[in-house]
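Per-chain numbering from 1; labels A, B and C assigned in written order.
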C-alpha cells in the first residue's frame, strides 16, 4: 500500500469534518474521492499532504507513519483547483521549483522541465509568463510542476473544475493516459461525478466526513450502496418498496428485481435506462411532465397518477412530448436494491 | 521571532524601564504617589490635551492631503514620477532646525502666504499642523501608495460591471482592501506627531508645549527625573491605548488580495477628472513640499559661483570646519548599518507575524513593535545611558549605538509596510511551495519575499531616511566625534556669520540630494521580474 | 538575486557587529591606559593640530563624546556618575555648577597652571573640584544698519530696553531651554534683585519683546543683523546673543565686511564661565589629569576663541584681533554666584514662563 489512512479524524470546532476515515491507495492506482461540498474531501487531501494535522488516526505513506513529518518532507504532490502558480516566475521557473527545492543541478532542472512540458503538451513554453497563459495551459503547467519532483503520490483537488466542458472532457482522457504511462499513483478529489468516473480506477464516495461507498466506477454505478450515493450519482428514481421473491411492491406497482436481491423492506433504485416506455394502456400509466435534451438522449420526467416522479431515458426519435400519456415498464437488470 | 524580541527587549524595554525606575525610586523607595501628584497638575493635563488633539488634527490633515497623492503616485504615470516620489520623502530627512527655516519661508513673515494673501501662520497652531503634513506626506504616499499600486484593478472593474458607480466601487472594493495600509500609515503619522518635538518648538514657539517637550525639559534641563518618569508613563499609557484601539478596530482580515505588479497598474491619466487630480496633487506637492526645500537650495546658492559649496571643501586646518565628505560618509555609514539592522529585524518580525499559527501573544508583539515610535526619545536616549553601561553591553561609547537607536525607529516602519502586503499573500501559494519541498524558511524566501520585494524596498527606503534624518533617540545619546550631516548642519547654524549660515544651507542641500539619490537608487533596484530558473 | 541580497545583509550585519566589538573595546576610557575620554556638550571644538600635539606629547589618545547641549550633558553626567562615560567632563557652566558639585560629579584635582587663571574666574578654591576653562558674555546684540537707518541710538543697558523708542525690537530665547535666554533672565535678576526682576520683565513684555525657542531661531530667523535674518526679512534689530557674535560676523562674513555689522549693548551682559573637571569615578584618572592640564595650557587657550567663540581665562592668552576690536569682553557684566543660581533657577524660570509666555 502506498497510502493508508487509518481512522483519520479532523475536527473543526465541535464538528468532525473527517470522521474515522479509512482509505487505502495502492501503487499505480488512481483513486477519486467523490462527494458534495462539505463532505470533507479537501480536508482529506490536506491531511495527507501534511497541511492539516489529524486529531486522531494515522496517515501512512509507504508504511511509515507521517505524524510529525512536515509537509515539505512528505514527498507528495498537490495540485490546487486554482493552480496557484507562482506569479513572479515564468513557466519554466514554476515547473522547476520542486526540483530546485530538492537540490537538482541546473542542467538536470532544464532537462526535466523540457521533458515535462512535452509531456503535458506545452513544448517550448518554458519562458512564457504565467499571466499570459489560458486556463487550460495554466492547468497543464500546474500539473507539470506537481509531477516534476517525481512525487510518490500525486493529489489533485478539483483538477478540471475551472475549465470549460469540451476542454475538460479532452483533458480527462489525456490525464488518464498520462498517469497510466507514467505509472503515477493518484488521489483526486472532485464533486463532478462524470470526471471521477472517467479518471478513476476506484471511486470513493464521501458524505459528511465518512466514506459512503468505495469501488470501481462500474461497481458504484451498477450497485450504489445507499440512497445518498444513488442520488449523488444523479439517479432520482428512488423509492421505498417491499421485496418478496422476484418482485418488489412499490408505489410504482410491481418492480421486477434481480435474482439475488435482498428480501424485505428496502429502498430501490431504477436506473433511467431500465424505464421502458410502452403504450399508455400497458404498464404504469404516466403523463410526461418534462423533457430535457441531453445530447445523446432525452431525459423524460414522467408523472404517474399517485406516485413519485420517474425519470426515463429515451432515444431522440422516440421521445414523447410534454403532456403525452405513456405507459411504463421496468427492467430487472437496471433495478438495484439499495442498503 | 526570537531575534526581534531580544532586540526590542535589550534596546528598548530595558533602557526605558531603567530610566523610569530611576525616576520613581528615590532612596530605594518607590514613589508611586508621585504619579498622582503630577497627573493632577492642570498644566500637565493641558499639555496632554494639546498633544493629543494636535496629533489627531495633524493625522487627519495629512491623510486628507496625502491620500490623493498616494493614488496619483500609485496609479498614474507621469514623467518625473520617480524623482518626485523621492523628493517628497526628503522632508522626512531634514533636521528640524533646517525645516524651521524652510517652512517659515512658506508660512512666515515675507513668505509665500504672506506675499499672496497677507497671511502669517507662524506661531499659530496651523504652522505646526502644516509642518506635520510636510514631514509626513511621504509616510502616507509610500505606505498606502505601495499597496494601492499592487491592487488588482480588475476587482474594482468587476464591481463597476455589476452596477456600482465609480465612487461606490472605490468605497466598497478598494477601500476595504486598502484599509490595513491606511490604518498603518495613520498610526505612524499619529505617533510621530504625538511625540513631535522640534516642529512644535520652532514653528509654534515657546507657548506651545507637547508632552515630549515637557519630558525633555524635565529630563534635560530641570533634571526632575521623577516628573519625567511620570510623564513618560502617561505618554506610554496614551500611546498604548491608541495602539489597542487600532488593533481592535482595524479588523485585519487575512484576505488574500489579488496582488499584481505595481508597474502594471500605473497608466497615463485619462479624462478630465484624472488630469485634474494629477494637477491638484502636483500643485499641492509643489507648494507644500518643494517650495520650502527650494528656499533652502536658493539660500545655499546666494554666494556667487557656488561659494558656500566651495567653502565646505576648503579645509582651513586651524578654525573649525566640517569636511562635508566626512559628514556624508559618516551619515551614509550609519544609514547603511541602521537600514540593514532594521530590515533584518523587521523582516523577521513581519514573517513571524504572518504565520498561520501565530498565537495571540505573537500578535500582541505587533503592537509592541510600534512603541518605540510613541515613547519619548529623550527617555530612550537617557535610558541607554544607565542600562547599557555594563559589559558585554557597554555600548555607550560605541558607534553601533547610533544605528541601533535609529533601527529602533526603523523597525516599526519595516514591519508596518510589509505586513499588509504579506498578509495579502494567498496562503495556498505557500502551501503549494511547501508540498513541493520548500522548508518554511524557503517558503518565505521563494513565495513571500518576491511578493513583498516592493514593500521591502519601500521599507528600506524609510529606514534609510529615518537614519539620515536622525530620528528618535539618536539626538539624545552621546556621540563620538564623527559628525553626520544633520549634526554638521546644526553645528554650522549654531554660530553667527554669513559663511556659516550659507554653508549650513549648502550642507542641507547636500543632505537632501544624498537622501533623494539614495531613495531613487532603491527604487531602481528591481530584480528581474521573470526568469528565476 | 534574493540569496545575494540576504547574504549581503547578513555579512554586513556581521561586519558591523565585529567592528562594534572592536571599536567599543578601543574607545572605552576604561582599563586601556592609552586613551582618555572627554565628555562634553555639542559645542566642543578644538583644532586638529593642537589636539594631535597633546596626544603626541602625553601619549594618550583622546576620545571625545558629545552629549547634547550643556544642560543635557551635565544631567547625563550626573546620571551616570557611578559608572561615567569618560574621564573628564568639560562644559558645566556657572548656572549648572552647583548642581554638578552637589551631586558629587567631580573629584578634586588642581590642574597644573591653575595659578595662571585670572582670579575673577576662580571658584571652589577649597576643593579644586573644577577648573575654569573659558568665559563668555551673554549680551544683547544690535543691528547697526537698522539703527543708523532709523537714526536711533542703540540701547546700552537693561533700562534702555524698556524705553518706548525700542518697542517691538527685541527678540530673546526661552529661559527654560536656552542658555542665552537663561543668562539674560539671570542678568536681569542680578540687576534688579530677587523681587524686582519680575517688574522689569512685565515692562519688557509691554514693550513687545518676542520670545522664541532657541538661539538658532532667534539669531538666524528673527534678528535682522544676521545673514539668515536678512533672507528671512527679519524685523527685529535686537537679539540676546553673545559678545563674541559680532566678531564672528566679521570673520565669517561673506563678503568680508570692513567693520562689524552688529554691535554689543554692554550694559545688558551676563557673565558665563565654563568649567571642566575630573569625573568622580573616572577609569583613567592619570590621563584625565593630563587632559585637564592641557585645557589650561596657553596652546589650548589660544586656540579656543576661534573654535568655540569664547574667551580664555588664562593670563596672557591670545585673543584674535577681531574679538578685541568688535567684541571685547564686558568690563562690568552682571554676575551671580552659582549657589544662588542653583537655589532660585527653577522657581524663577517658572515665574518667568507664566509671566512672559502665557
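Assume a contact is a pair of C-beta atoms (placed from the backbone, for glycine too) under 8 Å apart; a residue touches a chain by one contact, two chains touch by 3 or more.
Computed from a predicted structure; not experimentally measured.
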| item | value |
| --- | --- |
| Overall pattern in which the protein chains touch one another (line/ring/star/complete/other) | line |
| Winner on C-beta contact pairs when B-C is weighed against A-B | B-C |
| Chain with minimal offset from the mean of all protein Cα atoms | B |
| Between chain C and chain A, distance of the C-alpha-averaged centres to the nearest whole Å | 86 |
| Chain centre separation in whole Å, for chain C relative to chain B (CA means) | 32 |
| Whole-Å gap separating chain A and chain B, where each centre is the average of the chain's CA atoms | 55 |
| Set of chain B residues in contact with two or more other chains | 450, 532 |
| Contacting residues of chain B [partner chain A, same complex] | 260-261, 426, 428-429, 431-440, 442-443, 446-447, 450-451, 529-533 |
| Residues of chain B that touch chain C when the two form their complex | 22, 97, 100-101, 104-105, 108-110, 201-202, 205-207, 216-217, 219-223, 225, 299, 302-303, 307-308, 317-320, 336-337, 340-341, 343-344, 382, 385-386, 389-390, 394-400, 403, 445, 449-450, 475-481, 487, 490-491, 493-502, 527-528, 532 |
| Chain C residues touching chain B - in the complex, by the definition given at the top | 1-2, 6, 9-10, 12-13, 16-17, 19-20, 23-24, 27-29, 37, 39, 42-43, 45, 47-49, 63-69, 71-72, 75-76, 78-80, 83, 85-86, 99, 174, 176-177, 211-217, 219-221, 226-228, 231-235, 241, 245-246, 248-249, 251-254, 306-307, 309, 346, 349, 353, 357-358 |
| List of chain A residues in touch with chain B within their complex | 49-51, 70-74, 76-78, 80, 82, 84, 86-90, 92-93, 96-98, 101-102, 106, 109-110, 126-127, 129, 145-146, 149 |
